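What follows is a group of structures, each given as structure tokens.
Shared between the two complexes below is chain A, which pairs with chain B and chain C, respectively.
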Partner chain A sequence: MPPKRRNHDIIEVENVGMDVDAEPDSDSEEEARRRSRNRRSKSQRKAKQVSEDEDEDEEEEEDEPPRRRGRRKTTKTDEDETPQRRGRGKRTKPQDSDEDEEGDKRRAARKGSKASKKKAAKETSDEESEEEKVGRKKAGRAVSKKEKEEQNKEQKGNVKGKDGENKDKKKKKKMSSSSSSSSSSDSDEESLSEGEIAALKEQVEEKKKLIATLRNKPWRMNKRLSLLKEAQDFVEKFEGALGKGKGRRLYAFKVMMTKKLIKFNRDFENFKTACIPWERKIKEVESHFGSSVASYFLFLRWMYGLNLVLFGFMFGLVVLPEVLMGLPYGSIPRKTVPRDEEDTAMDFSVLFDFGGYCKYSILFYGYYNNDRTIGVLQYRLPLSYLLTSVGVFGYSLLVVIRTMARNANEGGDGGDEGEFIFSWKMFTSWDYLIGNPETADNKYASITTSFKESIVDEQENQKDENIHLRRFLRVFANFLILCSLGGSGYLIYFVVKRSQEFAKMDPKTLTWFENNEVEFVMSLLGLVCPPLFETIAELEDYHPRIALKWQLGRIFALFLGNLYTFLFALFDEVTAKLETEKSIKNATEWALHQYYANYSSFYNTTDVPPPKVAPADVIRGPCWETGVGREFVKLIVSDVQVTYLTILVGDFARAFIVRFLNYCWCWDLEAGFPSYGEFDISGNVLGLVFNQGMIWMGAFYAPGLVGMNVLRLLTSMYYQSWAVMACNVPHERVFKASRSNNFYMGLLLLVLFLSLLPVVYSMMTLAPSFDCGPFSGQEKMYDVVIETIDQDLPAFIGNIFIYASNPGLIMPAILLMILAIYYLNTVSKAYQQANTDLKKKMQMAREDEKNRRNNKDSTNQVMKDLEDLMPDKSLAPPPAEEEKPPEVVIDKSVKPTKTKPGTAEKGVNVQKEVSLAAPNPRRPVTRAPGPRGGPPGNTRSPQPQPGKGRGQGAAPRR
Partner chain B sequence: MGNKQTTFTEEQLEAYQVALHGRYRELAPHLVPLDYTNNPDIRVPLSLIVTMPELKENPFRDRIVETFSEDGQGNMSFNDFVDMFSALCETSPRELKTIYAFKIYDYNRDNFICKEDLQKTLNKLTKGELTPEEVTLVCDKAIEEADLDADNKLSFADFENMISKAPDFLSNFHIRI
Partner chain C sequence: MGSRASTLLREEEIEEIKKETGFSHSQITRLYSRFTSLDKGENGFLGRIIKIPESPMCRRVVVSFREDQVNFKGFMRTLAHFRPIEDNEKNKNPPTSEPLNSRTNKLLFAFRLYDLDRDDKISRDELLQVLRMMVGVNISDDQLGSIADRTIQEADTNGDNCISFQEFIKVLEKVDVEQKMSIRFLH
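Up next is the complex of A and B:
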């Protein structure tokens, strides 16, 4: 083709696209339309070929002039039927060149029939056969490569068209069209070229896409079925034609495998969830009692995991080696019950008090031998004992801090964040998979609970309060609580002082009360103070979640007093024991010395054999470490007893009585006074925290304590979850707990730190007992480490330690750490700031969007307001009355948008903008009925003109 | 790729249909014939459909069945039946699920979820355990959150916008059969 025509051709392409719409003799109007659309989309790159094609068409056109007219008629009708399509293509159509148009039509027609050019007689109309003739003629004339490509394009066009049709949802007609196209494609088989195959592939692809996406369409099944059937028929045919069914089995296998994989993954997830211990129990509790109560159980479970690891350390590195490789029971004095205790050593009362055989068992510090190495493995037990004890603290610190840091990411104090709290709960909380009645009941309960939690939060947000009164009350409440805390602190101090005085006196002259004064006061305080604090906290009227934190903090402070007295008593005991130990040590040394002296003088030899005394008869010191360990163990055991009894009596018996005595009682027990108990979150959490503190402190003196604690946590998990489900009722205001549990963790960290102090103190400063425990014979306990460094490690390591402990090195290190902490702190603050800013921005954007959607209303409102402010308003009372009603209506419609305080500014801005632009166009409309307003306006006109008129550009113009 | 998937889908479809037909027939053996070759026009009433274990515990079971039945009364033909489980299956896309969820929660079928619809939904979800004030509060808040065009009811656009951000809609709006 001559290049000068190129430009024209491109325009022609559009014509072609349009004109195909008018294709009369294709099987249906849709097909033509499809083709046209496809045409248009591909027109640009097809331009060249089309131009060539067109030339041919022009030639053909001369061949058959009579048919043109008739076709033209049909064209018209078809085009009428598809006005929107025509509209798109029409604009560039050069109507004057009738020949061109007709040529295009002809060409299109030929193309439509080209498909059936080989054996179309039974499928096509007479007209088509005529076309066919033409087509064949032309085919014979020009079988160039380009021609072929053109055909392919057409095929593609069919496919594309079908797709488009799908989108248009003109499905019913597709049946016929696709069948025809498939038949025509069938006929094409004989002359398949590469391009055609590609086209077919594409077509099939489309069909396949339809099949794949069919299920995604919200249609009735009937419609889908018919569509699916025809699409499948189509694909089926082409499959045969293209011979592409080879990889089918493999593919089917692949798909099946992916499905199996998905199912396996799902099962695996289920399995993993099933492996989380007590997940179901906790979920059940959560669904009935809310996340606050569940948070206690989560904490308990976490604690159990921690203790399991600690137990692993203690048991694996200390207890087990001693049992396997150490000397057996009865071999040396420290592993034997002394003679005078032997009679009662197996009594239950003694054993229950951890005396007798218990005292001289693997449970306690005193049992361990001070041999530097034991067994064939040359295991350094004393060193391992010390390092494990320190390692327990180190690991606990690490885990607690790591958990806190990780939880901090989850962030929030438990309040819901996000835009759609209630809507999501409403529409997405029910799990449609639930088919089990019990699960369903739990789900109902949990949904109700979560709604209640959110309602509490929401009410808290909506509460408009007298801020001054509230502040005063809060300060007042804190003052009261500080007073009572201080009072109880002083009481504890006073009682402990007194008890020290009593201890110096003869115990027989003291009354029972005087003997047990400390314990009595402590338990009294523990009984009275928490409810008192709770009552005072009512004044503050915090959100229950925050109130719980305050409550926890206050009771924690109270319990610290408890800890203080306990440690104080313990310390007294230790110092007393240290003194007796010193005297006994001196006595034994003196006795030994005497024995040696006597022996050597008697036998006149310096080679003195050790005295032959049965291990049980050896005089021994009090072994203060074992004593301390026993105190801790006893404390834990009694704590467990008290807790379990409290649950049994306070919850179970109470619930039992309330439930069954209610039938024969004079008032309603369930609703009235005793009622059912609520789960005491703060008490239980603090109990757990302090219990753990005891474990940390006691583990050094009694390695068996950790194992006991594991048992305790395990039983209390089952026992408490049973008790809470059986005997308690949910809190009056079910509130959402903080997701992170970080407050509990913070308390735990504090306790951990506090319990670290006495242990490290005793390791570093107190002298170990001379005849029991792994460190006997050492000056200080940590000497084991120094000894090891000196004797067992190469010299340079010892040097390194010496250098490392040099103050010149430690000071810079500490300084560096402080700097690092400062830097990281600053960075985290900056991130936090950025975070809140982003949140604010998102909120703003959302409100903005909301506002934009309501924009008309709000601007109307603004303009109304504006008009109210106009000075002229007062000039014309009658129109003002007319305006009133619409104003009210708009007011109503706008109200629900509820512009929040943040958007107030925006509102102002909008007002400003509008005030610049709006007044002019509005004025004439509202004020048009002029003459009536004239007379009153005249009377008052002087007033507005000088006063407000200056800002109003519009006023003078009127 | 290409057409292979087709055959597979077909096979799958057949398998599904056989299984589903079994389930369908189970509900009303006296109504549903074994032979389905000539597409008999049979509908199983709502009261029978909701006894399926998959639906029995669902608070919205009546609405689900009504929504998917062609007559809107809950009388389901086999096609409706297949339709229902195909829309609720794991692999059906979010858009489709959203459409049907909207229909399910739109009790009065006015193409808007209004306050009455919300109240009904809420009462079914909580078995009516919330006080009327709480119900009103929740409904007001829900509308306030999701209503973008300030017409005091949720249009489909509002609903879609809200649901598209919900984290567990897909996993929860899903029935395995």
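Up next is the complex of A and C:
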């Protein structure tokens, strides 16, 4: 037997060793509990010995961790004691029992044998008085009665233990694995932690002792009764934890459930974190490049989410129904490539330009049919098309505004938290659980970055010298930028005008430059202006965070020009197309009319079949909606190409050259001219914002655009995060982005409005093409809605709409809304005011407390008055230091002994400290106690240390 | 091996450790097996030559064991700082001696990580050393010095240009140390 056991032990040790890192396997734990409970109830009337045998065997086979642990524990005690015995021979029993008392007493007690009772009594006799012993005996009897009930219930009445034999018994239990009287209850207990059980046992034991000795306490009856009741309740309640009493099952269950719940919650939190896409990627970027660059990626991720939802709308409500239930390709003219385009329709160059088959595909507006309902579901596709397009805008607005509001809340408290910025960073930033060198590297980087960010913030705080020069420079810079903006605006205007003139001429007579003048000028401006702005912005010397906002705003203004020209050109195109369409429409109508007239006169019948023409041969209009959609799609695609190529050439190739040509070059490429690129936050953010604007505008004319954008953002995420990690270097001044990137959101909102306008305008005023798209045949696009209201909804709803659209109703509604906005605005302002007031108060209180703690004035009123009288402290001669009270000198002499010698030598560089510190809040505050007059008898200050306040308390008073 | 491990750990030792650290019996035995697996010399002590994961900050933790050789009791005592505070311990009437995992003791442990020369004060030099461990060579010495100065300036209330333990507690008043400095030990 012994060798076998040893084997067991080895395995167990190893298992247990690994367990340290693992979660307790609570599933199997629960299972074990359930099983053992079932078995217990089943085998209640069985012969005890047998059932216990089974228990033991089965549980051994299952190899459950909790059980294992329990056994491990007992084994260990066995093993410990065996040599002990052998070595020291027979130790005296009382000693042994004393040692084991903690662990074994309860088990022994649970056996409920008389012996154990006696033992308990014996033990207590050492410590307690004679009367107490009597009481104790009584209590013991009471307890043992309870225990006996328990035993009867559980068929565990084998009286075994004389106290000295406890170990033997355990050993026997172990070796024969048969007679463990408490195996099942043990496994129950394992669901609680060992420590909890021990603590509870102690408590219950205490209470029991209290009950027992209560009679002898010199208290009043009332108190005794209440105490007794309390103690009894406690015992009743928590005995459950010990595996006896009424509440046992309930208690065990409760404990188990709470544990499960906690574990589940923790797992769920982990799961939630793991589910956030790209979280690790972004964190990595953040740790190397700071929160400012990370904010771009967060924005990108947010945008991706938004686009995913928009794509869901578009795809689920418009594209999918048309694909599943609409007519197939080639059935009607609008779904067929025209005859004269058929030859080139599959050419790559044409497809790449989104002509040919692409043009007559589900991607574009023109493909959709104008049947009121399609398929077996009677799905109203035109209506759904319109509502979805509007809904996309509505949803985007809602989300953007909600995000802004939420960010505003967050931004409020996050800005200037607390006073111990550096201390917290210093003492709490390292994660001591990091065991992986790569993670440690990241942590280094992130700590470094965060320190740098804080330093920049700090530098910004104390920069206030020569305010007039700075103001002048800022005004001057803004003037310059306004000039250049105005100049570029005029340039664009000029070029567009010229191009309109060119458009009227024959394109063959124009040169290539004249044809592409607008695009050329636009891209030139986009190339030159941002660096120019950045250069000018250096005059202003803003904090980089604010500078970024200005830069964003300025480039935004420039890009607006871009957008404006694009829309302008597009609108011209649309009007031209509308003209041609009108003529074609007239021509086809006339032809049809002719056909009908001829047919009826020829066959002399009014029942005229429609003309038999192949769908590809039908004459059709230009379908301006599809044209607009194509323009947008082309724009997006070319934008993607340009962006990706720029990254590849401007960042990757540059980094490549700088890195590898550096070995054989005449100057240091890495430190010198080309160097590595920095990540261009403003450009990327604006690119993203305008891209989104294009999507919003184009989604109506090309439903497939949203899907393409989702793809673009997805690749962008991977590509850019790779590029930034591989080819870029962190900014020279890493700065902390404000946690709420509300500025980005604000830009997005503006672009959303700007892109909303043309779409709604075209929906409301322009006539849809007569032969393509879901609204063909209607006067205006929104007629679909009116038609639905008229035909499909009950009449009174139509009436309601008519009333609601009455100007007499709309005007008051708008007025009401304006009033509400005004009111809410006022309220929010008031709250803001209150907020800042409270903040100020808190700050004051904090400073006040600080002052009180090291108020040197409290001991030295005369000195303070003297200082107040001094005209200019900063100009006061150094001898002022000598005027300080003698205590200072004493303290100074003491200091070197306290601190390390190194510190004393270098001392704290006061000059530097002052430069790093924010002097504004500190200076006046150290002086403030003067007027307030900290009385000499300020008892609150624990140890008034004169002349030593706030590190440089007295020293700077020169 | 397993049997040898258990022979080294006596029952009375377990009881003692249990009392001192508040770990449960099974936790102690499990941690002991862990300890023996770390103990390459197999002599019941952990020498200085444990292979520490790369980060230098972790080395500080080892230094904080305070002795050149760590026996199991010292090992457990250190680990006890990281035992989470349990609910039933909170509402129990305060015991005579503060448990090792109390907030103050946790903070004291953290404090000692920074107090390199064990004079119960964190001086500027000590801060600088720790800072260098934390950020490597990425920040210039000037700036590191400024950071250290600034840290002391923030935390120092009695003006001795050092951070005492009291000041340390004050600084970390709002940090959830109980939760942050806890490791879940298996029961």
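Definition applied: the second predicted complex is superposed on the first by the 586 of 958 C-alpha atoms of A that agree within 3 Å, B and C clash if a C-alpha of one lies under 4 Å from a C-alpha of the other, contacts with A are read in each partner's own complex, and residues count from 1 in each chain.
Criterion: a contact is a pair of C-beta atoms (placed from the backbone, for glycine too) under 8 Å apart; a residue touches a chain by one contact, two chains touch by 3 or more.
This structure is a prediction, so every number in the text was calculated from the model and none was measured.
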item: Which superposed partner A:Gln232 touches (first chain B, second chain C, both, neither); value: first
item: Partner chain(s) touched by A:Lys208 [first = chain B, second = chain C, both, neither]; value: first
item: A:Ala198 touches, of chain B and chain C: first, second, both or neither?; value: second
item: First, second, both or neither for A:Phe427, with chain B first and chain C second; value: both
item: Partner chain(s) touched by A:His731 [first = chain B, second = chain C, both, neither]; value: neither
item: Those residues of chain A which chain B touches in one complex and chain C touches in the other; value: 418-424, 426-430, 432-437, 440, 444, 447-448, 451-452, 455, 458, 850, 853-854, 898
item: Sites on chain C touched by chain A in the complex; value: 1-3, 5-7, 9-12, 15, 18, 22-27, 29-31, 33-34, 37, 53-55, 57-58, 61, 86, 88-89, 92, 110, 114, 117, 119, 121, 123-127, 130-131, 134-136, 138-139, 142-143, 145-147, 149-162, 168, 171-172, 174-175, 180, 183, 185-187
item: Complex interface listing, chain A residues touching chain C; value: 6, 9-10, 12-14, 16-17, 19-20, 22-24, 69-70, 72-73, 75-77, 79-81, 83-84, 99-100, 102-103, 193-196, 198-200, 203, 418-424, 426-430, 432-437, 440, 443-445, 447-448, 451-452, 455, 458, 850, 853-854, 895, 898-900, 902-903, 906, 908-909, 912-913, 915-917, 943, 945, 947-953
item: Parts of chain A lying in touch with chain B, wherever the complex brings them together; value: 201, 204-205, 207-208, 211-212, 215-218, 220-222, 224-225, 232, 235-236, 238-239, 244-245, 247-248, 251-252, 255, 418-424, 426-437, 439-440, 444, 447-448, 451-452, 454-455, 458-459, 849-850, 853-854, 857, 893-894, 896-898
item: Parts of chain B lying in touch with chain A, wherever the complex brings them together; value: 1-11, 53-54, 56-60, 70, 77, 79-80, 82-83, 86-88, 92-93, 95-96, 99-101, 105, 118, 121-122, 125-127, 129-130, 134, 137-138, 141-142, 144-152, 159, 162-163, 165-169, 171-176
